[in-house]
Amino acid sequence: MLPLKLSEIAKILDGTLIGPDDPVLTGVAGLNEAGASDLSFLAVAKRPSDAAGSDAGALLVGPKVVVDKPCIQVEDPYRAFAQVLAGQQIEADRAFPPGVHATAVIDPGADVSRAAAVGPYCVVGAGSVLGSGTRLGSHVSIGCDVTVGVDCVIHPQAVIREGCRLGDRVIVHACVVLGSDGFGYLPGPTGMQKVPQVGIVAVGDDVEFGAGVTVDRATTGRTVIGTGSKIDNQVQIAHNVQVGRHCALSAQVGIAGSCVIEDGVIFGGQVGVGDHITIGAGTKLGGQSGVTGDLEPGSRVFGTPAQDAKESFRTTAATRRLPQMQALVRELKQKIDQLESRLAAVEGQHPSANNDQEN
Amino acid sequence: MLPLKLSEIAKILDGTLIGPDDPVLTGVAGLNEAGASDLSFLAVAKRPSDAAGSDAGALLVGPKVVVDKPCIQVEDPYRAFAQVLAGQQIEADRAFPPGVHATAVIDPGADVSRAAAVGPYCVVGAGSVLGSGTRLGSHVSIGCDVTVGVDCVIHPQAVIREGCRLGDRVIVHACVVLGSDGFGYLPGPTGMQKVPQVGIVAVGDDVEFGAGVTVDRATTGRTVIGTGSKIDNQVQIAHNVQVGRHCALSAQVGIAGSCVIEDGVIFGGQVGVGDHITIGAGTKLGGQSGVTGDLEPGSRVFGTPAQDAKESFRTTAATRRLPQMQALVRELKQKIDQLESRLAAVEGQHPSANNDQEN
Amino acid sequence: MLPLKLSEIAKILDGTLIGPDDPVLTGVAGLNEAGASDLSFLAVAKRPSDAAGSDAGALLVGPKVVVDKPCIQVEDPYRAFAQVLAGQQIEADRAFPPGVHATAVIDPGADVSRAAAVGPYCVVGAGSVLGSGTRLGSHVSIGCDVTVGVDCVIHPQAVIREGCRLGDRVIVHACVVLGSDGFGYLPGPTGMQKVPQVGIVAVGDDVEFGAGVTVDRATTGRTVIGTGSKIDNQVQIAHNVQVGRHCALSAQVGIAGSCVIEDGVIFGGQVGVGDHITIGAGTKLGGQSGVTGDLEPGSRVFGTPAQDAKESFRTTAATRRLPQMQALVRELKQKIDQLESRLAAVEGQHPSANNDQEN
């Protein structure tokens, strides 16, 4: 997209150019990193003076905001910036040249769209289908009977095992494993005996899997990742889990077997969820929470075992005052002892009152 | 195995057919997912009425259990179901065609059994041995001088580095790394200086490594994973750790260097263990526990720092009552202040008693 | 290096041979594992008697230490041992044969040093540069426009995506992903809308990445890993994080977006850091800590939410005494109730005192 004049960018973004200068911008960058030929943005939450230290050549700013630089006023500067970024993204052609690389091993029984791109050393098994516009980086391993929809992107070294199904526009980052065996055993005479895992992983549309994510196939049936859900790096999802639509799972989250995550649930990083737990729609889980029981829709939780976030903060605050509280209790105990002695002395002079008490 | 008549399945499982119907079953599925031609099972813990909503064509049930469907009575329905699943598992031939794929790079100095299967783009280094019946998926990287026993399964993109040794019937899932360098440094004049890691990883028989597991080689000697232990996805095991026999490590567990995990230890997900710690045989660790010291055999622990699970639950419960307790202590303090004033007033009328107390 | 006579090793290490025996040593091993032809070491912290049970053929020991075996006295036995290990490390030639393997796919537009080694099935994209002495294992995926300095080691299945830059002597272990997309979305009419991630990952010199580490590229600009920092297995570093020089990140640490980790910070395992947090130079974080706010240089923290380590230990100790404390508070409450009754009885005999109090 770039280089472009600022005025040309303003037209594309449907924004208002605040001149008079109209520099040519060749790149995009954050406020602190931007140089004289870069376009940057001033988030709505910031003040015009926050732009003073930036070397950016021009800025995207909110409505009516004026800074001491050429700028474009737009409704939402970050969103407009993301739009410019999209134009700047490395050309798909370069990372994913069209066609099937000569070294790819495609089983004759696979159905790869002519409008798909398959990188060097990919392997696609019998019975698998790759939709139009779907692009595979190098060394991707697609097992037998896998279905991948249209316009998906699968990065290098990803593994999609036999029978799994992906919708459209799914992004799979490097070293993701979809369809590994679930962790299921029965006690046997000579140790744990493996329970065969013959189900699949079924993924909706517009899902993104970060690098190193693992999703186990179901014992029977399907492990499900719902449309629009976004899964950050190194998340682990066990067999038979059902993740709803439009959930966001931050990095290193782990969800044990057969959990049901309803729609729109937001996970902080490193959250753990025990098995067979239902998390209600729209719940938000603070980082490192450990969930040990079902959560109502709209819950806000924190801590291990996870509890209501506000209560958790109150509990944490109270816990941190514990040493002082213990000192206070010790002091109260002493005072009570003193009071007892003093009262006993008084009572000694009033035998009748004392006797009343003791009866 | 399937399709089969229910009566034929009953024979294989040594169970009792409860007819009169004898449907043909073509698949297997969980109670909620099963359709009219699927076999499912009713776990011992459930009641016959729990089967009412299922569309399954037939069920495996416990002894003497009768449901409103064709069923087979067996001692342990889940175990019998697992046996049928094993028969249903995708044919080994299909995911792992026999023989060595033309694209595999096998060093002339490697010894690959004629009864082993090696997938596309595998690399096997000099001095390595693959036993009979062992099967490698695509893109497996076997370094030099690696020994893999018989009937092992190694899934795509797994990496087994130089010198490591695996027993028989070991399963290695995708993107596992066995034999990466341990995290060892010495302070040096220009920063941390790497301590060479020249040991190996030694794995017993019947071990399973989930997707994305990493096990570091020993600095010297061996990092050991004992026979029959099962390791879930994304577990991390550091250099010189000794894992005993028949342990189960749930997903995302991390064990720091030189720990000794005795036999039969069960880890919940995301547990962390500090270095040089011994965990006694048969210990069970609750999810997300953080172990900071040795644990006696048979321990049950929870929390960070990990403590006895029952005490931990008591502590957690007490912690959650803390805000009320603090309110109570404040109330007691007020009462004591009042008592002091009132007592002082009484004492004012008994100077001698008061003086006794103060001496 | 080995086999060597003990006297020859003493010369290399500049140590003092304590004879009279001068055995030939063929291997190196820890104290408990060493056999009769192995060299081992006695750490400074240990006593000579700790060597009694070892079968080692000879020992490296501290200054003036004498044991009942042939030994070499050196300033720092462990450091000297590491020096011998370095000599023992598997020959680079064997794991990384020189030259470019016939199966490697090197784009004509890539610049691979003639003194670099590229293993089987590696892929190197257009515009990428591999410096002299840099060695790639099998199946390494290097995207377009990647720069790798001199004397780097990149293990099998590692992925370095487009545009990333590595300094000299960087070690990248198996299944590492550098340059995956950051986890950035904007709310949109049909769900979360991906914010393009067009920045890079920039890595200094002498950095080591453990197996399975993931580092996301910046949204714009650079995610930075400073010179000399060491990163253990399965660590996750999000977009736009700045890691300083000579930091050590233990296994399974997760750092959220845009954090600044200053120089020399030491992370225990499984630590989590929320986004946009600054951790001051030289800070040490205990295992599993969860950091929710900025930390001053030189901090020592523990717990979730992370707090000063000493306070955290005090708080934990106080928490564990909570059940007893609650019992004590209940007891105090009873005593106060009794005191109140008794005092009321006394006051009943002194109406005037009581009235004073109530006014």
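In this document, chain identifiers A, B and C correspond to the written order of the chains, with residue numbering beginning at 1 in each.
The rule is simple: a residue touches a chain if its C-beta (ideal position, glycine included) is under 8 Å from a C-beta of that chain, and two chains touch if they have at least 3 such contacts.
This one's a predicted model, so the numbers in the text were calculated from it and none came from an experiment.
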{"item": "Numbering shared by both copies at the chain C-chain A contact, with half separating same from different", "value": "different"}
{"item": "Rotation, 0 to 180 degrees and nearest 5, that superposes chain A on copy chain B via CA atoms", "value": "120"}
{"item": "Computed distance of Cα centres, chain C from chain A, in Å", "value": "23"}
{"item": "Shared-contact residues (touching 2 or more other chains) in chain A", "value": "121, 139, 157, 175, 212, 234, 252, 270, 288, 304, 319, 322, 329, 332, 336, 339, 343, 346"}
{"item": "Parts of chain B lying in touch with chain C, wherever the complex brings them together", "value": "105, 121, 123, 125-126, 139, 141, 143-144, 157, 159, 161-163, 175, 177, 180-181, 183, 185-186, 190-198, 212, 214, 216, 219-222, 234, 236, 238, 240, 252, 254, 256, 270, 272, 274, 288, 290, 292, 304-305, 307, 311, 314-315, 318-319, 321-322, 325, 328-329, 332, 335-336, 338-339, 341-343, 345-346, 348-349"}
{"item": "Residue ranges of chain C touching chain B (in the complex, touch as defined)", "value": "28-30, 33, 78-79, 82, 85-86, 88-90, 94-95, 101, 103, 119-121, 137-139, 155-157, 171, 173-175, 206, 208, 210-212, 227-228, 230, 232-234, 245-246, 248, 250-252, 268-270, 287-288, 303-304, 316, 319-320, 322-323, 326, 329, 332-333, 336, 339-340, 343, 346-347, 350, 352-354, 356-357"}
